[in-house]
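You will see chain A twice below: alongside chain B first, and alongside chain C after that.
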Partner chain A sequence: MSGPLLGPARRMFELALGEMLWGRRAVFMGLAAGAPILLAVVARLTLAGGSAVLVVNGSRIDSEAMFGTAVSLLYLRFIVPALGVFYGTSLIAEEIEEKTITYLFVRPMARGAIVLGKYLAYLVCVVAVVLPSAALVFVIMVPFASIGPLFGTVLRDLGVMALGLATYGALFLWAGVSFKRPLVGGLIFVFGWESVALVLPGYVRRLTIAYYLQPTVPGVATLLAVAIIALFLAMQTIERREYVLEQ
Partner chain B sequence: MAKRTRIFLLASAGVLTAVLATGLVAWAGGAVAGSTTPDDIAYVPGNAQMVAYADVRQVMNSPFRDRLRQLDADNNAAADGFEARTGINFERDVDSVLIASTGRISVPTPSDRALLIAHGRFDAVRIEGLMRQQGAQVDQYRGKRVVAIKNDANDAALTFAGPGLLLFGAGDSVRAALDAKAGAAQGIGANTEFMALVNDVDEGTAWSVAKFDSVAGRSPLPGGIVNQLPPINWLAASGRIDSGLHGRVRAEAQDEQSARDLRDVVQGFLSLARLQGSRDPGYKGMLDSVMLNAQGKSVSLSFELTPAVLDSLSQGGAVRRR
Partner chain C sequence: MIIAADHLSKWYGHVSGLNDVTVSLPEGITGLLGPNGAGKSTFMKLVTGQLRPSAGSVRVFGEPIWGNPAQYRRLGFCPEHDAFYDHMTGVEWVAALARLHGMDDDAAAAAAKRALEAVDLLDVGHRKIGSYSKGMRQRVKLAQAIAHDPQLLILDEPLSGMDPLMRRRTIRLIKEWASAGKSIVVSSHILHEIEAMTANIVLMHNGRVVAEGDVHQIRALIDEHPHRVWIRAQDPQAVARTLLARLEPSRGVADDVASVRFEEGAVVVETPKPDAFYARLTEIAASGEAGLIEEVTSPDDNLQAVFTYLVKP
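Let's turn to the complex of A and B:
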């Protein structure tokens, strides 16, 4: 990597953050963050009114259990990986597809700074959307009396989500700078491979990100390591790779 | 950075901060005021296998108790007998009671050392007099006056450890309780696993935490079925009593697989119960309130006995008696 990194990365961060928050992809992010809130409001009103109960295997599910399910199934198994795939792969790949990568490369800055700035912008953007969404779902679904006892769990869940966004984002950013069609592969990895590997016996599940996001698995160090290594590899790859833009 | 981007980030941080502050306030409030673990737990020896607590005053004053009394108006003989032997009227004199056992509850052997710690209004002179009439001796132990009977048939001791605080049990148990309180022996408070379960259930009007081995023999289930259950380490139960009963039973299995197996077993029993009780509105109402959760090594089952369900059950019982 050549040249200073932090100053250019900061300028890239500010530029990319605005594009991400107010670009067309923001609609998807808004839906991903808003839909659970809407679902939470409906579920809470329905449960509070007693007009309906959610029954799983013949047992009633209370709102606290529903919040746990929302975190594990909706956020950690769908929203977090989906945002990671869509945004992570597009950070550089979109610039290549739209042939605007040249304008970034001709700037007097290290290519690694472009990747770092865009990645940090992605991280701030998705964290600023997903975490408040999950926090709002928590206060909507869980009765106030249960908020205190569950506070530690929610803090851990929010931390795991942030870590998941960071890891998926870095991994698919690397895929985005390395492969031509990263989105398809990313979707197959997240919704195909991870879903299958998690239910397979043995150690195969350790080859997924989702495994380390489970509350019973101490995966913080692994996730951090994957995120840092993937980001480093992405920065290295973009420095060395020649991008041939299709005419 | 554009102004709208800055505003968005501030709004996002604001929402997150507000929610976290709410959670922090709720958590701190719970930590300060929510822990209802009685101070009496300091008397429980470290080798206790079971601890149970009841806020007798709250139970006695509850509409639920009135309703039960109406249902079972004739059954006062046992309470009268206890008053005749000890001079203590449970309903009138006792505010709260904590019972600890250091042995297998099912086997009444010398290893079964139950200890009763009660708060209330006690006539110390009368109670001591009754004990002396039965041959009790008075001793001093750790600065407390211990009244004890020990012969072939009886091993019982009693002491007033503080104003309105009665310790009653086998002589060794009472002395062990005084040792634990004085810090001369390890108390149950040092057992973090046990205390974590106590902290989980102590908001109930009545609660109990027990080593599963210690209570397995008292299970209403046949021994053959109990032996087939997945390995369980701890059982905890709590109940909040007002106009109804809101109960929760929690089992800590040895591992997550055992917890899943246990959940399936309980699920099976629930399905069977639903099948049998589907025609009885009382049982159906109770079974509809049942919630079964499994998380990690923990399996919990909660239920509610609302006044309507109690009415329905009592009507069903009356019909069957006729």
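Let's turn to the complex of A and C:
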């Protein structure tokens, strides 16, 4: 990596933070955060009306269990990886596609600083949207009396979501600086490979991010390691690779 | 020498973009002239460290540029492509890029305003770039290249899409920068544009440098070929009428229009005397007698004909 990193990365972070809210994927982020809240409101109103929202084998599922399902199926298996794929792959690839990367490459800073600044902007942005969304869903769905006892569990869930966003984002950022059409591959990995591998017997499931996000698996160290290594590789790749912008 | 290329080559897969170029560019203004596909943009991308040489080397201020970001403190680049963060205003965009040079907010804002003022865009600096005309977008690109006061400017087709008045203004600006001690490499496929800025020309064709220096012979050759000019205007008929009216012998005006034809929203003129024609067109645009002239371009087949002649065995 050539030149100082942190100062330029901070300046890049500030520029990228504004960009995050303007990209065409900003609408997707709004939907990803807003849809679960809407669903939670509907569930809450249905429960208040005395109807069961979810019944399994004749037993009515309570709101705490429904929140757990929302976290594991909606957030960790859909929203978190989807945001990681859409934003991670686009952070650099979109600048290349739109040829605005030129303006960043001719500045006196290591290219790695561009990657680091953009990644941090992504992380701040998605964490600031997804975590409050999940917290709000919790408050809406869980009865007031249960909020206290479940608070620790919710904090753990939010931490896992943040870690998932960090890991998926870094992994697909690396894909975005390495491949020309990273989005399709990313979607196949997340919604194809991860779905299949998780139900396969043996150790194959360990080759997914989703496995380490499960509450029964102690995966914090693995997820952190994957995030840091992927980010480092993305920074190394952009330093060495040349990007030919088509005329 | 500001820039020194030594047996510099660049291949895109099996396609050659630049082929064994050895050239040294001195201080002052150097014009890179050549038709589309000549290798001008590839050369500029190598000089600005965006591409890595496939063979040979390029040095800027005596140092390599690839993987050497410190060099960008002394270098400003205006790319050819029309790419922006369209939702930002001119001031925001130029200031944001100036901040990447290490300036604090106040210094970057001041630098952005100075740069926009230099290119006559300060009055629309608060508008979003997405609402700018083609000429304004060209100028805001120039502004981001000069905001950090670089020693060397690399300008890829900077006059493309500008109206005649802004073209003249920008040429004057480039010459002023050179007078202030800056070095400038500017590319174009229009000899008359380059000639208005400098006599020091590097001619490129098919990825090679075919001639360099003060090229009067090339100029003579180009004058032998009719030069086509595409003029987009609010009222193309009025522009044609004004140009042709001046041809009447009774008015004693030089015969600088060989033919005229119309395309959608534009008039295409063939001229045997480009210098005289461009001067007259600028006057017409300034006077407003033929309405608003929005854009003037010249297709590169003018040059292509000359290069075909030059390189034939």
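Some points to look at:
Simple rule for what comes next: the second predicted complex is superposed on the first by the 242 of 247 C-alpha atoms of A that agree within 3 Å, B and C clash if a C-alpha of one lies under 4 Å from a C-alpha of the other, contacts with A are read in each partner's own complex, and residues count from 1 in each chain.
Basically, a contact is a pair of C-beta atoms (placed from the backbone, for glycine too) under 8 Å apart; a residue touches a chain by one contact, two chains touch by 3 or more.
Being a predicted model, the structure only gives us computed values, none of them experimental.
When the two complexes are overlaid on chain A, chain B and chain C sit side by side with no clash.
By the document's definition of touching, of the two partners only chain B reaches A:P132; chain C does not.
When the two complexes are overlaid on their common chain A, residue A:E14 makes contact with chain B and with chain C alike.
By the document's definition of touching, of the two partners only chain C reaches A:K99; chain B does not.
When the two complexes are overlaid on their common chain A, residue A:P149 makes contact with chain B while staying clear of chain C. Working from the superposition on chain A, the chain A vertex angle toward chain B and chain C, CA centres, sits at 170° in steps of 10. The gap separating chain B from chain C in the superposed three-chain model is 10 Å, by closest C-alpha atoms. The residues of chain A shared by its contacts with chain B and with chain C are 14, 18, 22. On chain A, the positions that touch chain C within their shared complex are 2-3, 7-8, 11-12, 14-15, 18-19, 22, 98-100, 102-111, 239, 242-245, 247.
For chain B in complex with chain A, the touching residues are 1-2, 4-5, 8-9, 12-13, 15-16, 19-20, 22-24, 26-31, 34, 256, 267, 270-271, 274, 288-293, 295-296.
Within the complex formed with chain A, the chain C residues making contact are 12, 41, 48-52, 67-73, 75-77, 79-81, 83-85, 87-88, 96-97, 99-102, 144. Chain A meets chain B in the complex at residues 14, 17-18, 21-22, 57-62, 65, 68, 124, 128-129, 131-132, 135-136, 138-139, 144, 147-149, 151-152, 154-155, 215-216.
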